[in-house]
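Think of it as A, B, C, D, E and F in the order they're written, each chain with its own count starting at 1.
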């Protein structure tokens, strides 16, 4: 039906809950997550720009707001599934790509199909915008698990998610962003009152 | 950790929502769905037994309560994905099997592993119990979509789900059950007051 | 209206919340509870069978999936009410029985009424299946209160529910099941990270 | 523990949902219901006062805010149960009374016990305040079912609740209130846009 | 449309959530809050009456059930906004007054407009009923924040709300009520098991 | 505390519900709304770019993701309040501005304050990006009310919101966007199956 159909389908992402199946004190939907990612990315792009990098803001804007659009087709597959095997991860990526392709050909008017193919492709490439997307996406995993630990969620999955996100954030090739995150933001994180000992979980990763 | 871990993981199925992403007047979780399936199956097994079939009740019990257990690992993948291609459907079945295998080897004590491998395997085989499971599972799809249409949900997906379930129910090789469903139950269905014209959707399938 | 009406009424049990009125971090409906009970019962029936008992699987299947069906009429009456006096408990049981009788006579086709009277009667009798139902039902009370204590619910009612369930479980005349629960499962329970000191609550009951 | 315990127990009524088990587009808790009843009662007491009646405002205040307090013990028992038999209705009233008595003796300091016994007793007596309470309580049933019908809830129970409430409201011995409700308010009710034909349901009762 | 419109608008207050935007383990709507305030007020009015004060019960009834009615127009504005500046607080009060005036002139029949202007005006005046309303309103803020702290909500806003409510309660010119609250009720509060150290927060205020 | 505090405060917008107090079949939070606005804006910016306009993508990105950030302080004030008077609307805008200023000075590190002052200021100016923001924001009001009408919400407020949004969209000075919306998208809107007669509501606005 065209763009009207595309716009109404966006509503579906408000009903896809992240990290399905696990007990959480607070749920997050994929639409709200995408907004938070676009906020983090804008902040760290500013950091990078200030340190001399050149940012393609249109690309960053496109990448962040579209990066989870494919969940409209496939839902938020449980993380352990995604990481069960590299082979499976690849299969799922392949399926998402095929369904996105079908959606664009069926729903998007011909004149906009090229634009949509460009915008909806996997955004986490090696460009600075691709790396900022990856940083921002991990940062939201970091903050979502931080909030659960802060409120006392004893499910070990959230400690795992927190430490995994932290580990990956610290290793991303974005020198200025990682430095700011580690030297400024983590200091504030460690000083918060939390129900579980988040500071200890953090130090364990930093010490490694 | 053993059976304690298995029992606590069951709680996850209370948080997996069926048909994720679509607007629904009422949500259903996989645990409650499994209970309804075990109820339908018991009724139609009684119908079949009355018409001369022999039922292995232990097998039917096992099949119905365990048939969606694998969603603990993978969630309720959106139906369109499952049916996007036979190849994808097979891939997903394969992934579920691998994760179930891993779960049983990691979590279930050795003495019970054989029992669990038997119970958790795909239940929809050609045995009468396997066909009753398939009938009962489709019947819940029928009733879930019926309830949405009755309340006036105009999303075309629920008309599709309703008619697809109805079509499959009428074709399953369970003569007595299908006859009872078509000749007795569908009469009651058609006579209900509903916001959308469910009777017309039903007649369309019956007439084909 | 017959079986169609019976099947649509099952949906009501998805809306009856257990333990109404109390603050809970997570709610459980009666349909999902019934599924969990049928899972526990199957496991412990296997334990009993392995230790030489003979299980009537059809009976166990019927008892577990139907044991709370009467809550369709009366809701989940608050536990303190049920235990306020033996006289009251009996009155309520009587009411449920009368309403179930009325429902079967009004809604179930004559040909199935005998089957339904048999299936819907109180299942917790002295047969091994009746005792397994009681064990499984208490075990779900145990796990529901355990989950609240684990997450830090300080309402004294959940400590009471946990210890009451534990006390009753340990006294049920099901030697193999009780032994397995006490010697294997409780060890895992005691070793979990929990917000409140569940291990202490457990030891208090075990020591008595 | 005294009044502190009484005050914290009030929170329980925010979690008791009225008309449990039935599908509703919107749920209502007993605390909010009590507030609406106290609003309706104040308005109709004003109507009665204007027509020459003498109102004991303290009594009306006490009756309205306390009339469902006993649901803290027993929950919102499903209406069909309450009306299954006069005998059952009486039994339940008796149970509530006993539990309220126990609560007052256990929790309320001796100096306030007389006040609480007076305030918590059944309020729907033949005094004008008792009749206003009954009118206001029925009026909330009227408005709750009206709202469901207006939004298109096809469950026959809400038509029944609507017509039963309307029938009882019109028969209550409160001349000025009933006249105002019938001649002024029902005109507005009948002129509303509604998904189901509420005007027809209303006329059917008025015509009888 | 008259009183019918007034009564249906009350439903809106069941959807206005107090303290919007903050993470809470449990939400409270304005309708339920109003009921709790009317309960607290009745109790402390009894205390005051016992100590020799004269209570106008009709006035207290009117003040408590209507005190937040204006939130129908304006919602529960976030507390920090209300206290950002005395000027802003006054602006908001002014807006609420204007909207209430418009509502009464538009919706309430002429014959009742005087009554509604009287009932809907700001209730927290210096009369004993006005002071009891203020006490009861603060007490609900006290209990709402107490419940969050008890369950372990680490958001500093709830410590702030708890201590602010406590401070104000202790200073209100209602000698008998304040004495009872401080000497009897706070003793029970301090002896409760709580996830955060509520006793310490309480002593800090008492010691000041 | 700096950027960490800014990032955690974003979570508050996931709890601010749009159009508070009104009955809605589906709720929307401000975070998800902001994401949808950034999607609409990108699409129509592409339309404008194709018709020869020059887009500052960084500015559009900033404007769309930040346009409702001030609701962190003030919540989603009910729309009727905002439009009660131009004076009130101005007062509220002033308050939001003051609170944003205070937040930036208190929470944002000095080195980023200029960037935040720039990003958080009112975005709906006369630049093409400002007009695209206004168009996208109105379009979400259009789609939110459309979805309620489609599902049969009879509250007149949603007809009002739908027609008001439509009227404003058609008048915005964005020739290419308005043309595409009117000539292409509205055709699809009018052809949808809806519970209420949305086509008629649409034609009424178009005909005026």
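Convention: a residue touches a chain if its C-beta (ideal position, glycine included) is under 8 Å from a C-beta of that chain, and two chains touch if they have at least 3 such contacts.
Source: prediction; values computed, not measured.
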Steps in the shortest chain-to-chain touch route ending at chain E and beginning at chain A: 1
Distance-maximising chain from chain B - centres being C-alpha averages: E
Chain pair showing more contacts of the two, C-D and C-E: C-D
Whole-Å gap between the CA centroids of chain A and chain C: 41
For chain B paired with chain C, centre-to-centre distance based on mean C-alpha positions, whole Å: 24
Chain centre separation in whole Å, for chain D relative to chain A (CA means): 50
Junction residues of chain B - those touching two or more other chains: 11, 13, 23, 25-26, 147, 152, 195
Contact graph of the chains (line, ring, star, complete, other): other
Pairs of chains satisfying the touch condition: A-B, A-C, A-E, A-F, B-C, B-D, B-F, C-D, C-E, D-E, D-F, E-F
For the chain C and chain A complex, residues of the former touching the latter: 25-26, 147, 150-152, 192-195
Interface residues, chain A side, partner chain B - complex: 11-13, 15-17, 20-23, 72-78, 80-81, 84-85, 88, 91, 95, 98-99, 102
Contacting residues of chain C [partner chain B, same complex]: 1-5, 7-8, 10-11, 13-14, 26, 28-29, 31-32, 34-36, 38-40, 42-43, 46, 57-58, 60-62, 65, 109, 112, 115, 139, 143, 147, 180, 184-185, 188-189
Complex interface listing, chain E residues touching chain A: 23, 25, 152-154, 156, 195
